[in-house]
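Below: one structure, written as structure tokens.
Chain nomenclature is as follows: A, B and C, assigned in order of appearance, with residue numbering initiated at 1 for each chain independently.
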Amino acid sequence: MKRAKAVVALLMASAMLLGMTGCGSSDGNAVNTGTSAGDSAQADGSDVSGTASSSDLNIMLETPVESLDPQLATDGTSFEVIADYTDGLMQMDADGQAVEAVAERYEVSEDGLTYTFHIREDAVWSNGTPVTAADFVFAWQRAVDPAVASEYAYMLSDIGQIKNAAEIIAGEKDKSELGVTALDDSTLQVELNVPVSYFLSLMYFPTFYPVNEAFFNSCADTFATSPETTLSNGAFLLDAYEPAATTFHLTKNEDYYNADNVKLAGLNYQVIQDSQQALMSYQTGALDTTLVNGEQVDQVKDDPEFKTIGAGYLWYVSPNIAAVPELANLNVRLAFTMAINREAITGDVLKDGSLPTYTAVPMQFAAGPDGSDYSADQSRYSDVCAYDAAKAAEYWNAGLAELGIAELTLDMVVDADDAPQKVAQVLKEQWETTLPGLTVNLVVEPKKQRVEDMQNGNFQLGLTRWGPDYADPMTYLGMWITDNSNNYGLWSNAEYDAIIDECTTGDLCTDAKGRWARLYDAEKLVMDDAVIFPLYTQCNAEMLSSKVTGIEFHPVALNRVYKNAVKTE
Amino acid sequence: MPENRTKVFYFCAVFSIKMNEGDTSVAKYTLKRVITALFTLLAILLVLFILMQLMPGSPFNDEKLNEDQRAALYTKYGLDQPVTVQFIKYVGNMFRGDLGVSYNISKNTPISQLIQTRLPISISIGFYAVLIGAVLGLLLGLIAALKHNTIWDSLATVISVIGVSVPSYVFALALSYNFGFKLGWFPMLFSPNDIFKSSVLPSISLSMFTMASIARFTRSEMLEVLGSDYMLLAESKGISGFALIFRHALRNALIPIITVLAPLIVDLMTGSLVVEKIFAIPGVGSLLVNAIQSNDYNVVISLSFIYSAMYIIIMLVVDILYGIIDPRIRLAGKGGD
Amino acid sequence: MSEKNAAAAVNKTASYTPVDADFQWKDNAKELGIDENFASQGFWKDVFVRYFKKASAVIGLVLIVVITIFAIIGPQMNEFSYSTQYLEQKNFAPRIAVLERFGIFDGSENLKTTTGSMKINYYEDKGFPDLYYWFGSDNFGRDIWTRTWSGARVSLIIAVAAALIDMIIGMSYGLISGFFGGKTDMVMQRILEIANGIPRLVIVTLLLLVLEPGMLTIIFALMLTEWVGMSRIARAEMLKLKDQEFVLASRTLGAGSFFIIFKEVLPNIIGPIITQVMFSIPTAIFTEAFLSFVGLGIPVPQCSLGSLISEGFNSFTTHPYQIIPPIVVMALLMLSFNLAADGLREALDPKFKEM
């Protein structure tokens, strides 16, 4: 009996093993059919990359696309890809200036309140319908529609100052009352509340890109989630994509009005999150451009293909002035900012070409009326923001004496990403060595939570960054007005608020030079009070194949533009 | 120990009577387990919902977002409603196959669309890893146990120790550097047009831990079984070699091994963040981590739920397997009925 | 005893007249309480002797002790601290005073660049001829020797604490669930399924976000998630053993459930339990390392072996020497725990005496 049972058990065990292998093969098949049948996009992708023409540009991305819906997208990666296949009214030239794209010409009224764009005849969507003024009206109304809840709606209201935008977002008016009208198929008229000096440069921002209403409605809820549900009017066509894909492909759009000048056959995107794998792929020739991590710079710094490219972000530390009594003391804040060795952070730790920054507005993104960089002079506030350990200690002792304390322990919230953690460790070390009696504890959090903590005032020191939305210093200086949600330290200064008001909606709107001078006055107030401790203007270290020329890099809105890129064999 | 052997002899009769009691219907038991499993899943779903409420932060937390905008987004996705309402709606939608949309990882994308291509990739890579790990682990463990206290045993121990102490991402990068970059045998990055070949390196790097765990457990269980009285009995009856090891020893060692393997299967098949990150695999592991860090509630809940479902199914299978491998403990519930 | 012997005994005593002293209580409560199978033979002494007979077990124990000692004194053995950064002394390759004369550990490394590989020696290039980083320095110019040992300290504390706690909780849970079976088992297993059915990462991340980050939180998080594996092993073992004769015998002799669980069954399954503890130590170290990888591990600049490995990982292709020390210490730690566990298991399990 025992033997019989044993035999049965053995049979069952072997049956189980067979079952497992059987399971294995059927499982494998299921996977294959799953990918081939369930996902035509990916199958297409494989075909395309399988037969990828050698003049495809192979591009590395760090993060996947979040959304291809121009009104919903908020991140640089998504913007870059949307701009590959969509043209707005204006586009950026190589220097970042706004030049005509879908609009062949435009007129601005004398009071600066009305813009009229004339749309070119030969602009067509990839399904053959022409691009009309109505497409822009539809898209812009979507952007402010509370039901769509676009995160970048403020580009139309606070920044673009388009008539009624703010009221529509607040739900007080219907979206049809937005100050944008299609006078006819090819004429678009925009009304503003106040003159906006940088309005044209907003037109290349993807939130302002057109969407064809009929096509949008035919896609229902799946708009912009696959090649079939996207429509192109730009240099390339999306032909293999799925949401959050790690590889996707665009091919040249032959119907593009400027197709003759597009030299690339297509764009082949590859998301790689590990920088070492990315560099190895680059070395094998699978990528034409890739980001390089700070640690790898030693490996590539002698390579002629190594480049550093401005990314526009300003990294800074925000002290919580309102909630932490010790940080309300100006001497303590000055001690903090003077104790930071910014050169060491960018030169020894980041090594990606980031620029030490001593101003509240970062370098190389906003050019003034005379064409020079707003923050070119980094020594402008050197009496309150520089690296000077002795002076820092002086301020520190004075601050401690005023507060009547000998020791201070503060927490600093930091994003759980690689670069911020590295920078924070160096900051901690620099502060603790230069300022005796100070202890800084690092609180590492995922970015979303860090932002929420800072917006709720639930922090002491915070390491944060801000990227410019448009090429004007106001994208930074607008942050520190009283009650702005990004004025984390809740600093408030009536004089400052008045200057900013004057420059956005007041008399200075039309006086570019006068406005520029007043902006410096505002920045000085921020720096004198050490409202933030600026650290550096971020740059990205990249490898760019010598075969490739003509990629345009910008710190604002669209980081990389490939329209004019050429890849030689 | 002589005392133990006396006990074996003395209670032999009781034992054989007990064995016959085990003939409760497997089908009935399985049905009962499936029904409880459904309730367990519902309970897990509820717990997940509560956990999401406890999660600090909000899915809409860009620096550039103001209060009104955030309120509008909450209304749009129904997050301003009470948890109970959200829960009932979610369960209702789920029965219709609608898992909701992603809030921020891939804005407004239906989650079913998001995972329909990713899950099969994770499952297939995980499956290969389990297969490699289990087969090699069993072999290694058997060799170690049979050649106990020899150089083979030590070698197997060293291999399995390396397997458990070196993280999979280090294996992954080392494999990729040597076999992908230097030798060019396998692709360094996952490519959808050559799933099999580009799954090789990720599967191997994932299988190391499984292999090591299984090897260690097989060894320790086999040693225990080999030292037991019934093996001595079987041996003295003249059974030897292959039959002795596979029919008698391994069968008895399998229960704890399956117990260890089961959760590993679920872990591997639901994707591994680190390996996905390194090989650029569009799997669900990195999706879950991103979702947790960006408070994308729907994605977290859906993926966790899939994980839970797989886990519970595998546990169910394991429980039934216990009975098949060892009739004595079939349907452990008999004591209570 | 046979009838005949008994009868003989009766006959023998017949001629004897009992005295009062014969009817005194014999104070033998102590002897009765001793389990003859084990204790009377000096069980723990046996274990001790058996353990030290096995060479590999001794090696394992010695290694654990050595690593523990280094974890305690290692960080104090040179002038560096685990957190002080010398940014101008970053990425220095290992250099050891005597060995450098033989051309190894002389502070030079081969840097593979995209334009070819080159040999560099930062000690010479940057003018620090008297500086010795035994394991090299990391990308903040911190001493890897000091960081490795303080990392080993943190990892040991976290892993051992988590493993012990989950052993106690998981073992009790599994044994009780397995022993009582039936409805109790059903309910307990469903609770366990709910607890374990939710991905570990979700629970751990949530905990780390809600609680103050730090070593205690990590131990707590690991404890909450790791006990399940242990309880499953314990339950499976219990299912295997609970119908065995000695349990029935013990029950027949009137032993209570908890006596059977912890006094009768537990000593018999100590082998698999110890093996599982040994495995939950690397699992704990790994989970912590994974948390470091997603940025939620031990707060910087503190370090653990796991966080050192994930830090070194970023320099894996550039400065491979940075990842080697933590991996080697981790591997040695695992090896020694395994060897010691093996020895202990065999020493604890009397069945192995016969082998």
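Basically, a contact is a pair of C-beta atoms (placed from the backbone, for glycine too) under 8 Å apart; a residue touches a chain by one contact, two chains touch by 3 or more.
Quick caveat: nothing in here was measured; it's all calculated off a predicted structure.
Asks: Whose C-alpha centre lies nearest the centre of all protein C-alpha atoms?
Replies: B
Asks: A-B versus A-C: which has more C-beta pairs touching?
Replies: When A-B is set beside A-C, the one with more contacts is A-B.
Asks: Based only on mean CA positions, could you tell me how far chain B sits from chain C in angstrom?
Replies: The computed centroid separation for chain B versus chain C comes out at 22 Å.
Asks: Report, in whole Å, the distance between the mean C-alpha point of chain A and the mean C-alpha point of chain C.
Replies: That gives a centre separation of 46 Å.
Asks: With centres defined as the mean C-alpha position, give me the chain A-chain B separation in Å.
Replies: Using C-alpha averages as centres, the distance is 38 Å.
Asks: Multi-chain contacts only, two chains or more: what residues does chain B have there?
Replies: Only 56-57, 173, 177, 292-293, 326 qualify.
Asks: Touching two or more other chains, which residues of chain C qualify?
Replies: Residues 209, 294, 316-317 of chain C touch two or more partner chains.
Asks: Among the residues of chain A, which ones contact at least 2 other chains?
Replies: Each of 276, 280, 283, 416, 446, 449 in chain A touches at least two other chains.
Asks: In the complex formed with chain C, which residues of chain B make contact?
Replies: 1, 3-4, 7-8, 10-12, 14-15, 18, 36, 39-41, 43-44, 47-48, 51, 54-57, 148, 154, 157-158, 160-162, 164-167, 169-170, 173-174, 177, 209, 213, 216-217, 220-221, 223-224, 227-228, 255-256, 259-260, 263, 270, 273-274, 288-289, 292-293, 300, 303-304, 307-308, 311-312, 315, 322, 326, 328-329, 332-337
Asks: Across the complex, what residues on chain C touch chain A?
Replies: 83-85, 87-88, 90-91, 111-115, 139-141, 209, 213, 294-296, 299-301, 314-319
Asks: Going by the contact rule set out above, which residues of chain B touch chain A in the complex?
Replies: Counting only chain B, the residues touching chain A are 56-69, 72-73, 75-76, 102, 104-110, 113-114, 116-117, 120-121, 123-124, 127, 131, 173, 176-177, 180-181, 184, 188-193, 195, 246-248, 251, 254, 277-282, 286-287, 292-295, 321, 324-327.
Asks: Using the touch definition up top, name the residues of chain A that touch chain C in the complex.
Replies: For this pair, the touching residues of chain A are 275-276, 279-280, 283, 293-296, 298-303, 305, 344, 348-349, 415-418, 421-422, 424-426, 428-429, 441-446, 449, 543.
Asks: Taking the touch rule as given, give the residues of chain C at its contact with chain B in the complex, in rising order.
Replies: Against chain B, the touching part of chain C is residues 37, 56, 178, 180-186, 190, 193-194, 196-199, 201-203, 205-206, 209-210, 228-229, 232-233, 236-237, 239-240, 243, 245-246, 248-249, 271-272, 275, 278-279, 282, 286, 289-290, 293-294, 306, 309-310, 313, 316-317, 323, 327, 330-331, 333-335, 338-339, 342, 345-346, 349-352, 354-355.
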